[in-house]
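Got some structures for you, see below.
Here chain A shows up in two complexes: once beside chain B, once beside chain C.
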Partner chain A sequence: MFVRTALLVLKKDVAIELRSYEILSTTLFFAVACVAIFSFAFVKEGQAAEDAAAGILWIAIAFSGTLALGRTFERERYGETLKALLLAPAPRPAIYLGKLLGIVALMFATEVLLVPMVAFLFNAALFGRPLLMTLLLLLGTTGYAAVGTLFAAMLVRARTRDVLLPILLYPITIPVIIAGVRGTSALLEPTPDEALVVLWISLLAFFDVVFVTLSLWTFEPLMTE
Partner chain B sequence: MTAGFSSVRLVDVSRHFGRRRAVSRVSFTVERGDILGLLGPNGAGKSTLIGMMATLVAPTSGTISYPGASASTGADIRDRIGVLAHELFLYPELTARQNLTFFARLYGVAHHLAVDAALEAAGLSDRADDPILSFSRGMRQRLALERALLHGPSLLLLDEPFTGLDDRAVGLVSKRLRDLASGGAMIVLATHDLDLADGLISRMTVVQNGRLLADSAVSEGVRQRYRAIIGGG
Partner chain C sequence: MKALFVPLVVVAAAMFVYAPIAIANAPYESTMLLVQKVFYFHFPAWIAVTAGLVTCGVASAVYLFKGSARADRIGAASAELVVIFALFGIVSGSLWARKAWGVWWQWDARLTMAFLLELIFCGYLLVRKFGGPGAEKLAAAMGIFGAATAPFVYKSVDWWRTVHPKTSVMTSLTSTPGGTIMWGVVWFCAGAFLLLYVALLIARMRLQDLRAQIDQLYLAAED
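== the complex of A and B ==
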């Protein structure tokens, strides 16, 4: 029942997105614009500033992720469909999980374009260790989206939700962003320090377990007025 | 339709939002076959009461019980409740069929038969595969009512269900509600429209400033009784 509900919510979100591509296209556009602007500032005569690529990649992921979170829950606000989901006899944490999977899928789809773009513009060897890079992205995205999904759902009824979401989200996800940036930087060293990358990946996995567990645990009481 | 709980009992239910008392020590019972009109001016606490009965809003004090429910957990109770509010609880980008199929699956209903029957009842079989963005308010409202009824709820909570409906649609919805009540469903209808409530509701429960002013059986003359209770109007 739990997994079935989560997959049902995910499938519904995908079906809506496939009808308009509204969130994917705006998120992609924003992420690409963000990276392009940074490239003007940090790439001089074909040489990128040292360590800039890792930071810019994760800033673009975080900013575009916030945009995706806001738009996804704006959809649920219109017509009060989040309320309809909460009224269903399904376990409410499963609804959270379904929304989280949808956000992670959207952010990952954005990263499919974002990572090659950063690699190209900043001449960064992001594909040198593809498995480690994929793990960093997957775990970092999940940790960021786990907190973001909970906060975006909580703020659906707040008038100032667009302002409050980043204010609440960024400070709490700082450990995820730091681990993502440091792990990516370690991968971009001339001789990548794999042990250090694995350490940051382990930390990200730990954050994910903590954030997802806490969110599943608190979603129902937080969503009941 | 009649499986599930046999009544809903509110005892001394209060709900405060900060210092504001939205509902204050309200008690009433809804029995099978009742169409209870929850009446009162704006800000009386009607929507908060509906939210509490629907398990969306937790009472600050007092109890809401569902005697006869097979279990006391939120999900089991929600399985027997249908809600239709002014907001339609539908995804405008999806078609009528996609909306109903999604909610049927969410409620664990055998979706093919239930969805076809719901589309038929809403009079939208020929528009089943159109996105509901293209529907009129009345069409959406009919679809929203059928969405709320997909799982055959014992308790149907309606908050201003006649908004945007023309006379014919109002007549159809009213008939549907009477049929449901005679089939044993409990219906709570929060509305401002006393003319529509007249002849439809079997009991009127009047609230004002979060307090219960009256709770009695009624068949006709709703407006006169309401005026006598509230004063003016």
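== the complex of A and C ==
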């Protein structure tokens, strides 16, 4: 029942997104624009500053993630469908999990295009260790989206949600961003320090567990008026 | 609570009057000498922050699950005090860093996390102020997440190798002659800061109680 509900919510979100590609295309375009702006700041005489690629990648992920989160729940608010979802006789944490999976899928789809672009533009060896890189991205995105989904869902009722989402989300998720950036830049070294990367990955996994548990725990009372 | 306020303020004031004397009389730490005296107020400030964090986290959780308005007020008052004491801790730490490391700020793990903590609780206050109706619940979620990240602030030193003198000052305090006196002064100051924290908490809670009463009266007058 629990998993089925979560998967149904995910299926609904994917179906809506596949009709229009609205969030995916706008998020992706925003991420590309972010990369462009940051490259102007960090590229000197045709050479990117050391470690810039890892930072730019994660900044683009975080910023475009906020956009995706905001839009996803704006759509729910507009159709008053979030209320309908919450009224459904289904466990609320399952609804949260479904929304979370949808956001992670969306952000990961953006990353699938964003990572090759950063690798190409900054001549960064992001594909040297594909497994480690995928783990970093997946765990980092999950941790970021876990907090993001909870906050975006509870901000649906607030008037100033567009401003408040980044204000609340960034300070809380910065540990995830730190681990993501440092892990990625360890991968980009001429000889990647795999032990260090694994340390950051396990740290990310730890953050994910903490954030997802806290979110599942607080979702129900937060969404009850 | 109200009855406790005056005695608390008196005791805290007396302790703060005596603290400079105790600090001046404490022996010098072997490597940092005079600069190390910042520690006597720096460390207690972070103890007060810790107390505020735990209170805010627990109060937020109680408010969220039990809906008690009192817990909400405790949480809000604690968050304000966390912002104040953390600011004091960051400023005093910055002064110490200028003398000990030669820079005002270092992007060391613990400093970064302290900075984040300050941001999180400023966020808490912003949400409460501008979140509109139901903002208390949003703030409570922020309080729970903020308190949950606090252990990372403490553990971060062990995870990342840093320049922060956690181990060095603590162990050298114990090993230098007169170390027990120095620790005594540190804990005396920590006690003073904690009393100040409780006194301020009571004062802020009283203010919020009065605000809630005024709102009630306005509502009653409108009917």
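Here is the rule we go by: the second predicted complex is superposed on the first by the 222 of 225 C-alpha atoms of A that agree within 3 Å, B and C clash if a C-alpha of one lies under 4 Å from a C-alpha of the other, contacts with A are read in each partner's own complex, and residues count from 1 in each chain.
By our rule, contacts are C-beta pairs under 8 Å (C-beta built on N, C-alpha and C of every residue); 3 or more make two chains touch, one makes a residue touch a chain.
Since we're looking at a predicted model, the values are computed, not measured.
Superposition note: with chain A as the common reference, chain B and chain C can be accommodated side by side. Once the two complexes are overlaid on the shared chain, A:151 sits against chain C while remaining clear of chain B.
In the superposed model, A:86 makes contact with chain B only, not with chain C. Of the two partner chains placed by superposition, only chain C is touched by A:164; chain B is not. For the three-chain arrangement built by superposition, the Cα-centre angle with chain A at its corner and chain B and chain C at its ends equals 90°, in steps of 10.
By the touch criterion defined above, A:59 reaches neither chain B nor chain C. Look at A:218: by the touch rule set out above, it reaches chain C but stays clear of chain B.
Judged by the touch definition given at the top, the superposed model places A:49 against neither chain B nor chain C.
In the superposition on chain A, A:32 contacts neither chain B nor chain C.
Superposition on the common chain places the nearest Cα atoms of chain B and chain C 5 Å from each other.
Shared interface residues of chain A, touching chain B in one complex and chain C in the other, are 225.
Remark: chain B residues 51, 54-58, 74-76, 78-79, 81, 83, 85, 87-94, 98, 102-103, 105-108, 131, 151 touch chain A in the complex.
Partner chain C is touched in their complex by these residues of chain A: 147, 150-151, 154-155, 157-160, 163-164, 167-168, 170-172, 174-175, 178, 203, 210-211, 214, 218, 221-222, 225. Taken in their complex, chain C has these residues touching chain A: 64-65, 112, 116, 119-120, 123, 126-127, 130-135, 137-138, 140-142, 144-146, 148-149, 152, 159. Those residues of chain A lying in contact with chain B across their complex are 1, 5, 8, 12, 15-16, 19-20, 75, 78-81, 83-92, 220, 224-225.
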